[in-house]
Amino acid sequence: MQVGIVGLGRMGGNMAARWRDRGHEVLGYSRTSPDRDAGSLEELVGKLTGPRVVWLMLPSGEPTRQALRQLAELLSPGDVIVEGGNSRFSDDTEHALMLAGHGIGYVDCGVSGGVWGRENGYAVMCGGEDEHVQRVWPLLESLAPDEDGLCHAGPVGAGHYSKMVHNGIEYGMMQALAEGYELLEAGEYVPDVPKVLASWRHGTVVRSWLLDLLVRALEEDPGLATLSGHVDDSGEGRWTVEEAVRLSVSAPAMTAALFARFASRKPDADQLKALAAMRRQFGGHAVHATAAGGA
Amino acid sequence: MQVGIVGLGRMGGNMAARWRDRGHEVLGYSRTSPDRDAGSLEELVGKLTGPRVVWLMLPSGEPTRQALRQLAELLSPGDVIVEGGNSRFSDDTEHALMLAGHGIGYVDCGVSGGVWGRENGYAVMCGGEDEHVQRVWPLLESLAPDEDGLCHAGPVGAGHYSKMVHNGIEYGMMQALAEGYELLEAGEYVPDVPKVLASWRHGTVVRSWLLDLLVRALEEDPGLATLSGHVDDSGEGRWTVEEAVRLSVSAPAMTAALFARFASRKPDADQLKALAAMRRQFGGHAVHATAAGGA
Amino acid sequence: MQVGIVGLGRMGGNMAARWRDRGHEVLGYSRTSPDRDAGSLEELVGKLTGPRVVWLMLPSGEPTRQALRQLAELLSPGDVIVEGGNSRFSDDTEHALMLAGHGIGYVDCGVSGGVWGRENGYAVMCGGEDEHVQRVWPLLESLAPDEDGLCHAGPVGAGHYSKMVHNGIEYGMMQALAEGYELLEAGEYVPDVPKVLASWRHGTVVRSWLLDLLVRALEEDPGLATLSGHVDDSGEGRWTVEEAVRLSVSAPAMTAALFARFASRKPDADQLKALAAMRRQFGGHAVHATAAGGA
Amino acid sequence: MQVGIVGLGRMGGNMAARWRDRGHEVLGYSRTSPDRDAGSLEELVGKLTGPRVVWLMLPSGEPTRQALRQLAELLSPGDVIVEGGNSRFSDDTEHALMLAGHGIGYVDCGVSGGVWGRENGYAVMCGGEDEHVQRVWPLLESLAPDEDGLCHAGPVGAGHYSKMVHNGIEYGMMQALAEGYELLEAGEYVPDVPKVLASWRHGTVVRSWLLDLLVRALEEDPGLATLSGHVDDSGEGRWTVEEAVRLSVSAPAMTAALFARFASRKPDADQLKALAAMRRQFGGHAVHATAAGGA
């Protein structure tokens, strides 16, 4: 089928390529990509045959919101927009309402798979009304590795909500693997840690794609020598913790993972200085010495 | 090859069966199993041809220690014992030393795979001297799903150390999945949570055997209605936290997982009462009401 | 000076009494209190002499917002409103802006001290423009235990922001004390835990008002036998965690405290059932039995 | 009364001075201090009049154990040793048993108060048999700020057990204060954080000695500019977590505090590199860039 895609970054570009490989007609627009098929949103919309499908793949927040506002003016009743980027699920309801006022359908779609997705397929979870989801189903099917990796999760918002929780789990799993890696390296027993990790890919309880990635990373970069301890986070881990707080759900592993990343970026954080300062006060001694009495 | 196995519980029994399927001669002893081939450790040892291999599959701690002491007297120099149970890695050094005094070799072996292992194979990580590990290698190979799932991790202790860290990671991953499951159920967006989880098995970053198990559990027991919120732990999660403390390794996700289990078993824990008591004090009101001033 | 107070609940009523004790003229309004001096907001405003000071002591969120909207219509330019309840700091900016449109000043004021405040004084931290804060300063001084317990923390929002962080710290400290109490009770060494806690009030590093409260609670209710393990939370602990997430500040102790309360209210939480379910799957055994292989 | 003190470091020296101020006859021995009254343990014991009281104030572990072994040979039945250092409570039982074989009494004594103790008094919690504790009671009384700050907590081990839990609570409280300090600094609302903290000393729920110390630290070293983010720990925080694990007590706040210190000392910890490595793998992009798909 025909689709117009807005945003041709790493994810958008790979998805467009995967669709083309599977016989879809893809017209792309991006402000900067040399691979674009249209020089403006207007031109893109003009080139599409109605009823149109436009797929957004932009940074969440203002860029996505702006594009939606423009498209609301350019598109016609009966067209459908898929928000395939990382919008917060709570924004989706707002987007859908605004577009419904123009007779335009809205599907929110969480996509997982990273750079491996073009080849192996992307996991796809989407939210929206049946009618709109069915319209874009052939596109979703072509993204997914197989029919089972594709899920209409619920009404508008359900796609990004599911993706957000997925990422929260991902944070927790990564943290668990990372702690285990450090424990293996720190202990006196295991001289060749990558060998043990590689063996875990077969038959253990912890076998998982993230373990596969860690094993591959250690093969490519022994001792992870090229890396610093600075770990970024994208927004979805934060949203998961916010949701846990809103819903009164205890989420200590996910939160520990998020906070470990925060801490990794502030080696001289105010809180650490405050701890050292209190120790100096009650210990009455140079900081870094052992505290007597206090601890 | 020939092996005598001590302990024919769920794990031991399945492993014996897997060995027999693969052509090994297995003689089993257990105090209680009707499937045993010997009525005593003495009889078992008497039936084995030297140099003997005896595989222990007993509860860790005293039962394992007792059997090792008895076997030290019954076996001969050149024999090898494999401790395939869940001994703490720090006990292994002690065991190996004691047996070395009798000329008996010692291999510690961590085995993962649960009840699925008999069919799918067990992940096997072992520790010990090359000479002893090579002696028992054919047994290890027959347990493993394939050669890659088998790992000589290091000197005595390395097998159980690796297995312990594996289990710590498992705790963290399970906790992350469990938190995600509750967030999906608690939110307003996803009407059919098992459907979303099932789709995650294909192409997502969190695809893993534990996810597979959670999906299967939800298929077999919709809403997990047959289960209470009481979650046990075996010793290895505790040892991992102890090691983290000993080695000055921050392990918040693993520890959160362990503490969540502790808390699950004490709905009226003293610490909770203490919190309620302090709130009552500063709020000056019936507990369960909203605190004014304090929180 | 003269003040109109809206909201005569536990906190509002005690504060009004403390002001009266110190010579202020206090006119109170509440929908339900028999102690009210006016039957409506209109009547209250009518009884006050301009330029007026109105102090709000209502539940945060909609009740406070509604009262502010009504007062915006009833009051005159030059009047000042103090929001002394538990508004989220981020609401204060909005409130102040709305009132500024009517020429009305706004001061946000965090008040701590619980039921002991009437007698011992309240800690008071406020935010707002100097001009407005100075107008209400005599009221703040009369609330505070002494001049040092009174703080103009910054612009609008600073009072509630400070109070929110104060409450986050309170959560963390309470959790630390609660954990310690349980460890003393759980260990085999200390037959009379309240005696040890009482002795800590003198000379230790942990001496604190919260320790005092715990000691008093144990005196009044030995073994905390009248209490269940259900622990509520008011909103400020949640906001603190949200702020930590927004500001990329690692806050594991505060968050642990919040999550412990969440968990205390869900003995059969979905996440616990999910853990039990996964254990049952890989262990292949009745739940509550020891897992073989997995953990 | 007369006491021989072994170990004249910061704590031991101050305690000796406090005893002398209160009229006790103190004979000190230390390997290195110029203030010592005896050149060897033998000489110290020789100078004491029986039945003797010897107070140990040495680093825990081997130094304390060695001194106890030597004293067991030098002292006589009826003498009493007080272990006033930071021995693990589980060592105390062993020490007491060994000394009981020589007819020597043993009291374990946890002492809190830091460098302020000499002037303000030390909190003292001790364990041991009534007979032995009564023998040394005058010394304990002279250490304590008043009679209420002195506690016979239980049998041998109870003193150090109580002190250990005290320190665990201290860790948690410090962490809560440190997180709060960073949140105040990180937010946009509070221009003068030390002013707010100082005001909290009066009338708030979080008033405490640790808050006093933080306020003083900020007065002496504005912005804590002289400090790095490296925070040490003494052994007792670790023991508390080990005890929590042993006793199945959830202790997330204490553990978070310990792990924050561990992490503060490893800015490029293996676990952080592992996280960065996994992100690089699934994101397929330079580390520090935003992950697409994963997080």
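Letters A, B, C and D name the chains as they come in the text, with residue numbers starting at 1 for each one.
Assume contacts are C-beta pairs under 8 Å (C-beta built on N, C-alpha and C of every residue); 3 or more make two chains touch, one makes a residue touch a chain.
According to UniProt, the chain labels map to these proteins: A, B, C, D = Phosphogluconate dehydrogenase (Decarboxylating).
Predicted, not measured: the structure shown is a model, and the values here were computed from it.
Using C-alpha centres only, name the chain that sits farthest from subunit C.
B
Regarding the subunit A and subunit B pair, does the interface count as same (over half of residue numbers shared) or different (under half shared)?
Same residues, largely: of all residue numbers at this interface, over half are found in both copies.
So what's the Cα centroid distance for subunit A and subunit C, whole Å?
Using C-alpha averages as centres, the distance is 36 Å.
In whole angstrom, what separates the CA-based centres of subunit C and subunit D?
Their C-alpha centroids are separated by 32 Å.
Go ahead and note the Å separation of the Cα centroids belonging to subunit B and subunit C.
It comes to 45 Å between the two C-alpha centres.
Pull out every residue in subunit D that's touching 2 or more other chains.
Counting only residues that touch two or more other chains, subunit D contributes 112-114, 117, 122, 167, 170-171, 175, 177, 179, 182, 186, 205, 210, 244, 248-252, 256, 259-260, 263, 266, 269, 271, 282, 293-294.
Can you name the residues of subunit D that touch subunit B in the complex?
205, 238, 241-242, 244-246, 248-252, 255-256, 258-260, 262-263, 265-266, 269, 271, 282, 293-294
Which positions of subunit A touch subunit B when the two form their complex?
89, 112-114, 117, 120-125, 127, 144-146, 148-151, 153-155, 157-158, 161-162, 165-173, 175-177, 179-180, 182-184, 186-187, 189-192, 195-196, 198-211, 240, 243-244, 247-254, 256-257, 259-260
Which part of subunit C faces subunit B closely enough to touch in the complex?
Its residues touching subunit B are 9-11, 111-117, 122, 167, 170-171, 174-175, 177-179, 181-182, 185-186, 210, 213-214, 216-218, 221, 224, 227-234, 236-237, 252, 260-261, 263-264, 266-285, 287-295.
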